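One chain, subunit A, links the two complexes that follow: it is found with subunit B in the first and with subunit C in the second.
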Partner chain A sequence: MTNSLTVPTTQADTVRALRRTRNVQVRRLAVVLATCCVLLAGLLATSLFLGGGRVVAADILPAAFGLRTGLADYVVFQNRLPRALAALLSGALFGLSGALYQKLIRNPLATPDIVGISAGGSAGATTVLILAPTLPFGVPLAAILGAFALVAAIHALSWRQGVDTYRLVLVGIGLSAVCSAYTNYLFTVADQHSIAAAMRWLIGSVNDATWEGVLTLGLALAVCAVGVAVLGRGLSGLALGDELATGLGLPVSFTRVCALLLGAAAAALATSVVGPIGFVALISGPISARLVGGEHALGLSAFVGAVIVLGADLLAQHAPLISPVPTGVLTALLGAPYFFWLVLRRGAGATS
Partner chain B sequence: MTHHLEARLLSSGYGKALIIDGLSVGIPAGEITALVGPNACGKSTLLKSVARLLPLASGSVLLDGADIHAMPTKQVARKLGILPQSPIAPESITVGGLVWRGRHPHRRFGQRRTAADEVAIADALLATGTAELIDRPVDQLSGGQRQRVWIALALAQDTPTLLLDEPTTYLDIAHQIEVMDLLAELNERTGKTIVLVSHDLNQAALYASTVIAMRDGKIIHQGSPEQVITEETIAEVFGLKCVVVPHPITGAPQLFPLSRKNV
Partner chain C sequence: MSDPPVPVTPIPRTGLTRGTAVAVAAILALVVVTVASIGLGARDISPLEIIRILVNPGGDSYNTHVLWTERIPRTLLGLAVGAALGGSGMVMQALTMNPLADPGVLGVEQGAAMFVVLGILFLDIRGVTGYFWLALAGAGLTAALVYATGTRAAAASTTIGMVLAGVAVAAVMASVITLLVVRDEAVYSHLRFWSVGQLTGRAKVLGEALPFMAAGLLLALPLGRTLNVLSMGDEAAAGLGVRVNRARLLGAGAAVLLCAAATAAVGPVAFVGLVAAHCARMLVGADHRWSLPLSMLCGAILLVGADTAGRLILEHGEIQVAIMTAIIGTPFFVWLARRRNLVRV
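The block that comes next holds the complex of A and B.
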């Protein structure tokens, strides 16, 4: 008989201990995932039901499935539901893209918004919106192209036999400023109508979400989920360092390029629909890692991001005293303290 | 003497600068070989080039007679393992989870963990004395424990040949000997071919059956410790004056450096 306290000394004991450790982790992941799903369902329902008495509660669920007309249809199906779904999906994309970059670059600060990828996406999207607004699928495509251009530029400027994180963050901040300057310049040449539409990229809010935007986000999330699942093993290998990963026979460069582009596309598409909702990309990954450990954190970060943005948007709409404010303001309120904690913890000489 | 790992006219380096130019070497099968030499002599470059971590400028590396750059990299990883000098432990990963990653070359795409994987991981943990750490986060381990866990990962990879880049650097003397004993025992028990880069000539002489001394990207001497660890060779390779005496117990050559005031 063995119990969990004895030191495994035989092969069979060790295999048992291995399985036990694994089962504990899997069980924990399942519990956390289930909790996230319940939270998401609850938040989704709350965001449909909250918001003034102009729609009868009995009409809300049917309206959410498109079965009512008139006011109920407008408020629930055209307004609250796409807004809630946009919050959920964009949160998942922000969370996933942030965790992907943090894992890939091995630095908790290296998220797509901080290294300038999102700014590239915004610049691309604004260009199309102001100069060629009638182009079909122009905005999401331009956002992806802008983000990819930034990935290429950052890669070219900061990759020297591997990544120098300090250089990467500096280059990212510099390029991010260039992109913002370009975006601001576009505003000076645009007409009033285009400016109103493009303002979205400066503030970050799910306020104007449409079904078209939801569709874009849904497709992006589907592609990213499949991509991360396919790349998963390569990504966990890359976390061991390029040399060991190569020694284990993993396609190191291929995995890194795919993951960089995937994360950039996720961040750019989310930004192209709801704008730069700050700090979600930064905090989702570390929160997931704290909940289930580093091995299973990547997938979970999408759920955590979704909970954060959906919850923040509810607060942004309905919280007493401050509401209504843009969603990004709320996530910044939540994320900034975490950010300071991270900086202080690093400053104190802690390593991870 | 059989070689299943061989470099032919190998040239390699970082970027355009060649560290090694036209080097040929055969690694004896089933033995422990130590690569020694002064800093920047190319020993790590040689190890990395042989393990395909660095692209070759020219030449070839043969593993069981086949060019490793012409083989699928995953197939190479089933025959040849390498533990780099500073691998990175991912944040909040357990010992069991880390060692499990060594099984990658044996897994098909999408394949779940098999009983064979579990046995290989268990054997690797037991061989390195890390089974009791199975559910501990790697970032909480001591340096000696961590190094044994990295070796466990390399053992889980289950390759007939294992290359290690300075496996005992940063360890205190007791942990250094513990790691070297572990490698010697593995070599004896399983016949694994082990190649290690070492800065400690005395340990190289104690544990290796072949010592390769390098300088300026070239092999100066290759042979048994008695042939290579001599006062003349140390002076030639390191520019160091020393006396070499036999180890009081094993008889392996051990060197004592001379400082300027001794001469």
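The block that comes next holds the complex of A and C.
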């Protein structure tokens, strides 16, 4: 981290330059974080107030503080608030998992949504939902199991004297197709389920989010945040390359496996509540890296993901002409052009 | 970024004996699959009964009715669609020199399906003939887009770049389809078939769809020799007196036509072209004069076989053929992706 603008002459100069760079970075991070928080608050308020129906806008604010009963109270606390919070929390989880994977695998395309880990989680969740709906905690656990199985399968299948990241992406795309086919098949078997439910598990939607789901997401986010904080040093070490990190005494394989499973669990738990909302994991990491860069990008990607899903859900609910649609449709329409750009970008294919 | 230099050695010719033997075996397999597809289902009909009904078409038993109005049209449609997809996959692989090319994997079928949905919703088009022209426009545009993106991609090779571009295109197209049809549950359940290809209830489109598929197959069949020359590389082909651009355009046109006809008839069905082309190449080698027709045969066997299996697995109802082909085709795709010469580290 040297400042290229000034040529340090003495040690004091160097220290001063480094400190100045660091201050600039911290200030930038603070500004970006504050902007994200303001955006999130604004989007949250908007999604509470918008929505038409038979609730007057003037009733919303009092209802949010528990001063109204009946319909307004119900709409705010049983419909809009859980939905908005589910969007926020699932977005944060998707963003975090995507950035984690991009950092670990060092390929911007190797995110849980592209390589099918979300689809695996969705397949697991759907299996329990349709075959054993009464199992306690069955859906989140099955989602995690499905995602872990996918991680293991992708690794085993793309291993050939080392893992080539593009082979990994290709294998993941293939396995993703199988998981979608399987989920599709389950809904063919269980015809009593509505098309809306099928859409949720194939495309992803925060529609019909419940407080139970919000609780799952909140716990998952807390665990993942702690996990990322604990793994943080090891992750920065991995960025130096495996040999150097081993030389520094870091447990390379252990850190990598933990981080892979943590990312998969984050994506799976988010998927178990809102379905495989696509392209959020893909775009959050690079956006936050562009905003702040360096080691803070990983944490920031959670905020970016939250903004993306909450914003996309607002559009999915209220945009003229197209609404209402599942949230995943909007994120795909926003994210796929970016995916195109990633594929097209010359010379930067292999590293994020 | 750079692909390995394409070998200028001509493709080894396939011997007449080997080709004939494989062709006879494939035709036998096709006959078996066809009989199974006609005979098996919610109501099993024995092969002898089938022959009796075929030589005596005028009967009015229940079996006769089922056979003529349901099973036979459905099987013929499956054969035609499978052959079209098999031919399309082989031509695409030969033209792009990409072993992962497939009309479904590259998103061309999704593009065709999106145009069909647009036509149904906004132009009020009904009937397979209308669908076909829409599907042709959609498939052509998507193929051009994926080819342009894939060959300019920064990914490890154009092979991978094209697949990634196809995934992105397919995601956008599928999202647009959902966006257009999701609001009305009745419309959605009617159009759902355009996002998951199936043969169920499509028997009646056979008459309308067949001419397009026949035209595509007849256009593609004589391309074997041209594809052989093209796969030696553009310069070598030009040196041998082939007008490279014209030949490529002709091949691409045939591939898109076949893909559009298949999609217009049954909706997007991925992986059939991929698996069929590789099976054909494994059986008779790379010589396209043999492998192209054989790929069509393999595609027909695969699609009808998958459809029959999809009818038998469940006790009630059936699994759409696109789901079956995805489950059969993905292990194949993963196996191909693992091959050393495909992805260089």
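Basically, the second predicted complex is superposed on the first by the 317 of 352 C-alpha atoms of A that agree within 3 Å, B and C clash if a C-alpha of one lies under 4 Å from a C-alpha of the other, contacts with A are read in each partner's own complex, and residues count from 1 in each chain.
Following the convention adopted for this analysis, a contact is a pair of C-beta atoms (placed from the backbone, for glycine too) under 8 Å apart; a residue touches a chain by one contact, two chains touch by 3 or more.
The structure displayed is predicted, hence computed values, not measured ones.
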item: First (subunit B), second (subunit C), both or neither touched by A:Arg233; value: first
item: Subunit B versus subunit C, judged by how many residues of subunit A each one touches; value: C
item: Which of subunit B and subunit C A:Gly293 touches, first, second, both or neither; value: first
item: Touched partner set for A:Met199, first subunit B, second subunit C, both or neither; value: second
item: First (subunit B), second (subunit C), both or neither touched by A:Ser253; value: neither
item: Which superposed partner A:Glu243 touches (first subunit B, second subunit C, both, neither); value: first
item: Contacts of A:Asn184 with subunit B and subunit C, given as first, second, both or neither; value: second
item: Partner chain in contact with A:Val169 - subunit B first, subunit C second, else both or neither; value: second
item: Overlap of the subunit B and subunit C footprints on subunit A, listed as residue numbers; value: none
item: Residue ranges of subunit A touching subunit B (in the complex, touch as defined); value: 7-11, 13-15, 17-22, 24-25, 103, 106, 161, 233, 236-237, 239-241, 243-244, 246-251, 289-290, 293-295, 297, 352
item: Complex contacts: residues of subunit C adjacent to subunit A; value: 1, 100, 149, 152-156, 160-161, 163-165, 167-168, 171-172, 174-176, 178-179, 182-183, 185, 188-189, 192, 196, 270-271, 314, 317-320, 322-323, 326-327, 329-330, 333-334, 337-338, 340, 342-345
item: Subunit A-facing residues of subunit B, complex; value: 14-15, 48, 51-53, 72-78, 80-84, 86-94, 96-98, 101-102, 104-105, 107, 113, 118-119, 121-123, 125-126, 131-132, 134-135, 137, 139, 157
item: Parts of subunit A lying in touch with subunit C, wherever the complex brings them together; value: 109, 114, 157-158, 160, 162, 164, 166-167, 169-171, 173-175, 177-178, 180-182, 184-185, 188-189, 191, 194-196, 199, 203, 278-279, 322, 324-326, 328-329, 332-333, 336-337, 339-340, 343-350
